[in-house]
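We call the chains A, B and C, going by the order they appear; numbering starts again at 1 in every chain.
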Amino acid sequence: MTLDTFVIQLTNGLVFSLLLFLIAAGLSLIFGLMDVVNLSHGAFYLLGAYVGLSITRWTGSFWLALLFSPLLVAVIGLVVERFLLRQLYRRGHLDQVLCTFGVGLILADVMRSVWGSYVESVAIPAPLDGQIVIGGLPFPVYRLAVIVFGLLIALGLWLLIERTLVGAMIRAGVNDAQMASALGINIPRLFALVFAGGTALAALGGVAASPILNIYQGLDSEILILALVVVVIGGLGTLQGAFWASLIVGMADVFGKALLPEFSVFVTYAIMAGVLLVRPQGLFRREQTRLA
Amino acid sequence: MSDILRLEHVTRRFGGLVVTDDLSLRVAVGERRALIGPNGAGKTTLFNLISGVLPVSSGQIWLQDQNITARPAAERAILGIGRTFQRNNLFAGLSVFENVCLAARRQQGLSSRVFRPAHRYAAVAEAAQGVLAQVGLLDRAGSIAGQLAYGQQRALEIAVALAARPRLLLLDEPTSGMAPAETNQMIDLIARLPPDLTLLIIEHDIDAVFRLANQITVLSFGSVLAEGAPDAVRQNAQVQEIYLGLPLERAD
Amino acid sequence: MTTEHASSLRPAAVLAAQRGWWRLLPLVALALLPLVAPPFWRSLTLEVLALAIFAMSLDVLIGYTGLVSFGHAAFLGFGAYAAAFTTERVSENLLVVLPICLASVALYAVVVGFLALRTSGISFLMLTLAFSQMLFGLAIRWSRVTGGSDGLSVARPHIGLGAWQVPLGPDLDLYYLVLAAFAASWWLLSRLVASPFGHTLRGIKENAQRMQALGYRTRRFELAAFVVAAVFAGLAGMLLAMHNRYVSPDTFAWTTSGQGIIMVIVGGAGTLVGPILGALLVHLLESVGSSATESWRLIMGVVFVLFVLFAPKGIIGILRRLRRSKESPRA
């Protein structure tokens, strides 16, 4: 591998990592707060991409799609949380996980009947459809834009969680939902907010990825699995973990495919297995110690 | 007389918080030792350290002549440490009988048999019935454990521990949350346990402590504040200070 | 008093023994079915029986041990690919293929189980899922060996002992092979769950911490359950591969694992009859429903969500509730 191809693969890896982060961050936050692995997360990603595709086709504007698709998907997320998951709070997390699996099945079939089984793609929006040459190497502008956008979202999320009142509530809820509730935080509303926010992030990732990656039936489970691997490596419920693990998985995926095409899947899972052997709780999650 | 349990300079930290602080303790075979102390003194943590639920941060734990510091909870149970829990910690969805059978089956080394139906092992059933009779729950054998009255669940908690035939039994607040009449029954039950079974009892009910214990250890902030026979401990000025406002006299 | 009490605890067992003969009725019916049913239904029944083995094995984990695996298809697929490799490269003799398939599945399950059981609950679910995806990816990408997305063909085996050879030619022979495997699996698994080992698993599901405090090394039992479940799933995979004469990476897809979970939950976790009913329902919906309507997946999703919301104990749970409400006015 020459230096040039290395730099280009590095860029691709970074792009993929940050897209993964958008998806994994939502998954991780939902888990951290609600103890639910949202198995419909991949479906929300794909739904975001499809809705974005339709908006782009109707209006001719990718930017409207980038804005409205996540909002629409968040509304659906809200409905799922309010009318399905909330019914199961008392029953335990496993039933909620199973419920999200069912929701994923339903969404997948709805998407199949609405958008069909074709491989779709979205054109790169005009102002970003070009290349810039840096150090003699051509870089696609859109990919660089995705990197910047992803980093901005990561920064924004970090500020939201660490520096705002809503973030403080989320952190309190992650640590101890009962205690947070006793402090007067409206837990059901917080859950709904985070679930909707998480699905919106997945959809945002779906729209942002659509000019680079194709859109097709089955992508939902591929994305879900990668996001799950990210979350397992990073540690469930930590934003930091999701960020660094996204980089690890994204890079492993891109470089694995370039260097070991037949065994690239192994690279990612070998990393995961290795992490689990050494730190079963993930890289960034502190071991839970309760006083009792 | 030989010690059944020996703790040597045991420390346990949670982050920066030292919950058990360089604690040393010896318990002789057949003793009835009460552990008392204010809330947060680290009594339950000490049980968790002895039974292996939590690892120690430093120090050693010996069961007779075996160093069990690094042994996992299950192995310590096999070596003869039994325990009950402060909050009922039963197999709530299984029958009372099955709760006790699980313990008896393990003790008889039958728990991994795969072919003969479990109910055909007569020795297990006999042991289970014996223990249920001992705690007065024989007539409830068929009930679902989670549906028993609270006091009966407390008794079952002890029955389950007994069915594993421990040498050393750790009882974590056996009378907590009980009505006075139930408390008396529970104290009688514990007092009737065979004399070769060593008991370590955490108890807040001071009356129960003086009726059951022949040795008392007072914990405060994770270390031993005082230790000795009940009367000596009662006279100890420091202990009285800790229990200020709490009468240490027997309530009768 | 002791014996008197023991007998009072046993009526359920006695009743079961007395009723035992009529558990064989469904098996007799299944044995006679090919004589009357057209080939389509025979083939469908065969598939349901194999899937029922798969679902029962998954229920050993979910319903009895409390381990929710979302990657059980890994073992179904492993058994299927092992059958393809063995019939291609080693032998077409079932008496050789069967032990190789089952032993290799067991070996793989030990490795996966050892890693996945370092965690529990949701993490375990995700890990099993990840490991099955790993095989899925490998089956697609490592096409030199696995045939990629085209999959591999599987030869119909024969049964051979020295000079004595029985070909498993037309579908009828294979049907009886699957039926025999189903009956054997059902019998073995019902012995297993009723045994002390099965009770140990239930104890772990109820309260693993207390089991440890009683001296159970719970992870060993969990691993044992994991391997047993994997072996039966591998058996189902091998049979399905022989029936289809073909394996494809889709066997490993997480939707296959998900369908297994649907069978267990909809049928009724913690029983063996439940998963059998679940397998029947799901497979009927898939094979008959898919020809009738495009959106059978949607229907399956909705049915599943409704069961999770309103009948978490599945069909068996509903039947038990009905029976109880019928009995209670008399009592």
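To be clear about the criterion, a residue touches a chain if its C-beta (ideal position, glycine included) is under 8 Å from a C-beta of that chain, and two chains touch if they have at least 3 such contacts.
All values derive from a computational prediction rather than experimental measurement.
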Quiz prompt | Of all other chains, the one whose Cα centre sits farthest from chain A | solution = B
Quiz item: Which one of the chains is closest to the middle, using the mean of its C-alpha atoms?
Solution: C
Quiz item: How big is the gap, in whole Å, between where the Cα atoms of chain A centre and where those of chain C centre?
Solution: 33
Quiz item: Distance from the CA centroid of chain A to that of chain B, rounded to the nearest Å?
Solution: 48
Quiz item: Approximately how many whole Å separate the CA-defined centres of chain B and chain C?
Solution: 42
Exercise. Can you tell me which residues of chain A touch two or more of the remaining chains?
Key: none
Quiz prompt | chain C contact footprint on chain B (complex, rising order) | solution = 51, 53, 72-75, 77-78, 82-83, 85, 89-94, 97-98, 101-103, 105-107, 110-119, 121-122, 124-126, 129, 138, 141-142, 160-161, 164
Quiz item: Which part of chain A faces chain C closely enough to touch in the complex?
Solution: 31, 35, 37, 39, 84, 87-88, 91, 93-95, 97-99, 101-106, 108-110, 112-113, 221, 225, 228-229, 231-232, 236, 261-266, 269, 272-273, 276-277, 280
Exercise. Report the residues of chain C in contact with chain A in the complex, numbered from low to high.
Key: 68, 70, 115, 118-119, 121-123, 125-127, 129-131, 133-134, 137-138, 141-144, 253-255, 258, 261, 265, 294-295, 297-298, 300-302, 304-305, 308-309, 312
Quiz item: Along chain C, where are the residues that touch chain B in the complex?
Solution: 2, 5-6, 8-10, 13, 191-192, 194-200, 202-203, 206-207, 209-218, 221, 224
